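Read from first to last, the chains carry the letters A, B, C and D; within each, the first residue is number 1.
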Amino acid sequence: MNFKTLLASTAIAATATTGALAGKADDTLKMAFQRELESVDIYYNSAREGILLARALWDSLLYRDPVSGEYKGNLATEWTWVDDVTLELKLREGVTFHNGEPFNADDVVYTVNYVTNPDSNVKVVKNVSWMDHAEKVDDYTVRIILKAPFPPAEEFLAGPVVIYPNEYYEEVGPAGMALKPIGTGPYKMAELEPGKHYLLELNDNYFGGPKGKGSIGKIDIETIPDINTQVAELFNGELDYLWNVPADQTEKLDGLGKYNVENAQAMRIGYIAMDAAGSVDPEGPMTNKLVRQAIYHAIDRQAIVDALVKGSSIVVNSACAPIQFGCEQDLTSYDYDPEKAKALLAEAGYPDGFEIDFYAYRNRPYAEAMMGFLNEVGITTNFNYLKYAALREKRTKDEVAISFQTWGSYSLADASAITGEFFTGGVLDDAMDAEVIDWIKEADSTGDKEKRKGLYSKALKKIADEAYWVPLWTYNVNYVMSPDVAYTPTNDEIVRFFDISWN
Amino acid sequence: MTDTTTELEPVVTATDQSKPLTPRQAMVRRALRHKGLLFGSAVILAIVFIAVFAPFLTEHDPFKQSLLARMKPPVFMGGDENHVLGTDALGRDYWARLAYGARISLMIGLLAAVISGLIGSTMGIMAGYFGGRVDTVVTFLINVRLAMPVVLVALAVVALFGGSLMVVVSVLGLLLWDRFAVVLRSATMQVRKQEYVAAAEVLGASLPRILIKDILPNVMNHLIVIFTLEMAHAIILEAALSFLGLGVQPPTPSWGLMISEGKEMLLFEPWMITIPGIALFLLVLAINMMGDGIRDVTAPEGRN
Amino acid sequence: MSTPILSILNLTVDLPKGGDRPFAVQDLSLTIAPKEIVCIVGESGSGKSITSFTTMGLLPKALTPSTGEVVFDGKDLLKVGADEHAKMRGSQMAMVFQEPMSALNPCYTVGDQIEEMFQEHTSLPKAERKARTMTLLEEVHLPEPARIYSSYPHQLSGGQRQRIVIAMALALDPKLLIADEPTTALDLSTQAQILHLFKELREKHDAGIMFVTHDFDVVAEIADRVVVMQHGQIVEEGTAEEVLNRPRHPYTRLLIDAVPRRTRDQRDLGDGEAMLKVEGLNKTYHIPGSMFKKARDVHACKDINFKVRPGETLGIVGESGSGKSTLVKCLIRLEDPDDGSVWVEGKNIAGYSRKGLHPYRKMIQIVFQDPYGSLNPRRTIGDQLVEGPVNFGANRADAMEKARELMRIVRLDPDALNRYPNQFSGGQRQRICIARALMVEPKVLIADEAVSALDVSVQKEVLKLLNEIRDRMGLTVLFITHDLRVAAQVCDNLIVMQKGEIVERGTVDQVFGAPSHAYTRMLLDAQPGKGWEVPDVSKLPPVTV
Amino acid sequence: MLMFILKRLGLALLVALTVSAISFSLLFLAGDPAVAIAGENASQQDIAAINERFGFDRPLPIQYLDWLRNAVQGDLGMSWYFDLPVTELIADRLSVTMRLGLSAITFALVLAIPMGVAAAARPNSLIDRAALLISVVGQAIPSFWFGLILVVIFSINLGLVPASGNETWRHFILPTVVLGYYATPAIMRLTRAGMIEVLSADYIRTARAKGLGTRKIMFKHALRNAIIPVVSLAAVQMGFMLGGSIVVESIFALHGAGYLAWESISRNDLPTMQALILIFSTFYIFFTFLADVLNAWLDPRLRVS
């Protein structure tokens, strides 16, 4: 057997026929989802894919310009705070839903009141639970009443809170919406097989607004779980647009010089969570600040970013994504210094290191690389790679002393979306630091931007000093497109179909 | 009566050379002529050798990563001598991982086959020997087992308990006993009908004695053949679990895991999946060929 | 004699290299004329079947005819092509095989399988084919031809199946009919009917019949001419009358001498207490149904009573299904009788639990029919011989010493104890089995069809050995057999069983001389070669070869 | 007769019940279902709400009996992930898997039986060796590796067939080959062994003595008998393939039941998992029953006399 020929025969780089055969010709952009989306109804899914479709099918009241970060009117044209908990919005006139139903205050009121009703059991409660209810002022004016002052309200109104047609939704409910979604968005759903296939069509009656009208006629989305198969279909010209391509493949595809490769940061950050509060083991090594600092020093985060994460990712030192509001950057950081790590371990009473179970649920190679670094300083790790649900359950049962986690903050550019989740004394709070809890809770309910910033800064500084987490890096998303496709990705992991165009 | 004094059948003498060989001699002779068996055994011996002497065959540590030397190609693809088979996505030496990985894959195959063999052959022999209700119960259990979609159940269990080597081995062992039970049940039934078993019973042999002396040796060839088949089966199933991300845990260098990791770069660095793929293929091929060979060689002795 | 339909001239068929002899048959010549039954007689391995297979062109690939010719109807069959030979098969020459149970394809009705002959070799229309088939079924005396026509083989008995095979062979009125041990697998009564059928065929058809057999009684029953084979060669040939009564070749004489005599000297057994007494033994099997069959009960033994004195040989005779095997299994407690008692030396061994039975197991020992299945191929002879004594608490070394002694008694080399069963012939294995049974010093020895699978010459030796041992050790022997000749020769008293019941009992002379039950009479009547008085070869003139 | 069919059905039911009970208890031990329903981005608040709504705090046997009662009425529950009735969800996916399974078993039979027959007709000939090679390679080649290689060669390099999806028959070619090849060795070996055994049977000798031609002997007389165990094996293989097409479906992006099952494991979509295991085992039971019926038709010995 000629080993080399065998290898060569399976290597495609040299012989691959470049695709881009279909697509532009019939004005259909073909792309793939990697996993099955449970429901198109945005209030009943928690997946990234759902957000993508939601942005195309529906509109929210406000719109955040992904480049400037500025909030613009979308379905609402003006909005003013009546008081701390009352927001009055003027609605855009002349907008119709895909089924012809006109858009007005009733839709907004219905939607807000529906999703905030606990009986509706929306999936991501956090997205809507800050609102209490909505009131109609006149046909094109509504008021949204908050439960309590909520500084990032505009961010949420520009993101997950989209407006449903009241009559239609009343009639079909979430199940009907999942099979035949109706919105005001720049695209409408032409065909849908749940979890498998979606065909979006340009909405000719789109009102425009800050999103702008889309330019591509049809967007055809298949679910293809295997990334190799996706790349194969890109080669075959069966796909025009890949999204979330792993770094190594992206580099190679870029190297072929035939594809349009883009990279953008995501709001997701990686971090190592450690049982500082001792809820897993009050005597465990993780309760010792020196050990946590040693772990910090032991891992060469920059090397992992350079070798594995790549793209536009950067090492972070703060327990939040740098683009989030209030994410303090000027705080204690710990260099890669294995000798210091060993010294700290010795000082903490572990001159020979210790053995511990290390958990992770995604990015196995990153986790393996970190374990490699930990092993170097004498911390022997037993790897447990679990499904997200299983790992989360273990964490809530206080069985995980150290794990590699990530958090995407629902693409909300506000530090509350991450600190509020993990440092406010909930079951996933490993630090249980009373001071930090107070600061963050206060920040989350304060309207004053500067005051909030100060509170987050204090909290984040203490988190860094105490080394409650080891913040790792920001994530990035790779986009590989056929040369016919033009798209400039933004830093929030969201593909805006209406911003894609043909070259 | 002219010739009744002549022995029609010559009395056997111990030195008579024209008489057939002992079963063992005959088996060895057939084995030495069986190409598949020889090939299979040779490959397995080679892999066992690599597994046992892995530390002497490479100076690299299979766990030692080097993020600056990732995915170096093997020497025949233009790589350097230091990493004969290149390095993986974390810069670990591929040859070292392959060599140490042989231990894991062999161990998974052996242990899973031992567990399933113990369960399945006990059930099969009991059912075949006693028949009746025991047989009914065992047959029912075999049916239940066969009706369970094995890959799904294995996946679900590994997803639940995590993919430690012990869990994977136990799950495979607990799921793959059906063929042992089916084959040994019918083989035991065959042997049970033989008159030498009845003779042993009449001669007062106890049940364990009959099982050990008369049944077991005569179903042993089936047992060995199924053992090899299931060993191969377990190895390939573990690889499939690894492929789906639920095999043994990294950084353990199992071949299935290496394939799963190499899969990521299938289209660009095909050697990464091909090297462990071929290793796995060869191992399973060799085990199967050995199994086939053993079956041919130990086939019931010809009745003249 | 008319022109022969088949003449074989100097035929030699080679065996593959490495066998124990170079030729399967060597330099063989014989002729068969129309309306003539030629019997080819020989023991296993004599090459008698090879001759018939060569003629039919059905030799296994490993065997090739090297020289000679087989002239059939003016053509040398060794020279015709495979296709032409195939066309002649069935239409001009036909064959009937030994094993009727497996000679028919289980998937098709027997009617289809007979009709296939017409389909293959003629262009008759369907209706005509069926009519001819029905005629054939009648000719071979099958009852209800219409029902049989649409039956599958498994719905018919062995005898009926053999008639189907014969009907198939006769379908196209072949010139040559070859029958290879066609009655060997059949019960006595069925055998008689089939042999009768062959005689009828000789009268009605013109075919020459080549009849291969090992049984001189069958030869005596139907042969016109006889050919005796040994080691692939013809040693004697002649008319049936000549060969049977005045054999000239030593081998023929040896074979004929080995045929058991129908009479024996009466022995005086005295009036000893019964060594073995069976009272009121019953056994019913429940046959559970399968998906498509109903469950049913089979009463295999009904109220069996008999006793045997020390040193006596009691023959138990019956056809298959008579219940004799079940009786044996109950005696050695491989099966538990439903009720009744089995007394040995004052102990009712039927009454013990399996566990309690252990010490008494050794009192009754058995030698089975199949010399190949009754020794464990994976254990040495010595290991298997010492098994019994060791199970009953003996020390292994002592047992081994005893095994050596018994090997000598059964006339085998004691040094062969470390060998495996496959190194022994069938007759030798039966001797080993006898030795094994004797290792535990039983009171009663059961010989369950112990010589049925053996060639006649070997059979004779084993029977002789059994008698010797019985006398030497004072054993009580139960001799189970379907062969009346053998029973007559070795037994003192006989029991005849039919459908689970004893229908006749008495001394050999009483049973054979004045049978009281119709079934016994039928059995005696069915014996082939009744008219042939086996000659005393020692009184024949010396051999002139 | 009726009794036996009823008995047989009763047994099948008992098997299915046992399988479902085992899988139910296994699955419900697997992680907190509420977390699974909530998804990766859910907060603790969301999870608590779900836990209450679905009643996961009840004892396991009660949850199982509940499920069973509904299942008997044809209600397999709602998929926690899709929020669709499980029956609806599975019906859709099952058709893909059935199509794949049927074409794969057809492929396997069409490849394996003729080769097995040819190999048996001439043992040790070239064709026998080729058949042996195909079967040992088939046993040893991991199907995921084989699948990926086929994609690279036939889809990317040669561009002959699509790599993913299930729209047209052409999409099924590669998956059929991969899945079918997996079942081929066993079927081929059994055909070969069966043919060799049957060819040495007495009734084949009878057929030859009747002067029948080779083809008639091989196909009418020998194959008819040798095929009987193959039918049973094919049924078992078919059952395995339906449950074992996970890898193939995930490589070729076929949205079948196997892939759904695999995804459901990672999503802890227990009602779907549970229903799939029940359905797969029912299929297995159904196919083996079908094989028994087919065999009764093929082999008169199994029929009512």
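Following the convention adopted for this analysis, a contact is a pair of C-beta atoms (placed from the backbone, for glycine too) under 8 Å apart; a residue touches a chain by one contact, two chains touch by 3 or more.
Source: prediction; values computed, not measured.
Visitor: For the interfaces C-D and A-D, which has the higher count of C-beta pairs in contact?
Guide: A-D
Visitor: Suppose chain centres are the mean of their C-alpha atoms. Which chain sits farthest from chain D?
Guide: Relative to chain D, the chain whose C-alpha centre sits farthest away is C.
Visitor: Between chain C and chain D, what is the gap in Å from one C-alpha centre to the other?
Guide: 49
Visitor: Whole-Å distance, chain A centre to chain D centre, using C-alpha means?
Guide: So the centroids are 38 Å from each other.
Visitor: Could you grab the centroid distance between chain A and chain C? Build each centroid from C-alpha atoms only and quote it in angstrom.
Guide: Chain centroid spacing, chain A to chain C, equals 86 Å.
Visitor: With chain centres defined as C-alpha means, what is the inter-centre distance between chain B and chain C in Å?
Guide: 44
Visitor: Would you give the residues of chain A that are in contact with at least 2 other chains, written as numbers and ranges?
Guide: Answer for chain A, listing residues that touch two or more other chains: 10, 12, 228, 232, 235, 387, 390.
Visitor: Using the touch rule from the top of the page, what residues of chain D touch 2 or more other chains?
Guide: Chain D, residues with two or more chain partners: 30-31, 148, 152, 156, 250, 265-266.
Visitor: Using the touch rule from the top of the page, what residues of chain C touch 2 or more other chains?
Guide: none
Visitor: What are all the chain pairs that meet the touch criterion?
Guide: A-B, A-D, B-C, B-D, C-D
Visitor: Can you tell me which positions in chain D touch chain C when the two form their complex?
Guide: 1, 4-5, 8, 201-203, 205-213, 216, 221, 224-225, 292, 296, 298-305
Visitor: Applying the document's contact rule, which stretches of chain B touch chain D when the two form their complex?
Guide: Per the touch definition, chain B meets chain D at residues 140, 143-144, 146-153, 155-157, 159-160, 232, 236, 239-240, 243-244, 259, 263, 266-267, 270, 273, 277, 280-282, 284-285, 288-289, 292.
Visitor: Which residues of chain B touch chain C once you look at their complex with the stated criterion?
Guide: 1-4, 7-9, 11-14, 18-23, 26, 194-196, 198-206, 209, 213-214, 217-218, 220, 300-301, 303
Visitor: What part of chain D is in contact with chain A in the complex they form?
Guide: By the definition above, chain D touches chain A via 30-33, 35-36, 38-46, 49-50, 53, 81-84, 89, 92, 148-149, 151-153, 155-157, 159, 162-165, 250-253, 255, 259, 263, 265-268.
Visitor: Can you tell me which positions in chain B touch chain A when the two form their complex?
Guide: 63-65, 67-68, 70-71, 76-77, 89-91, 159-160, 162-164, 245, 249-251, 261, 263-268, 270-271, 274, 278
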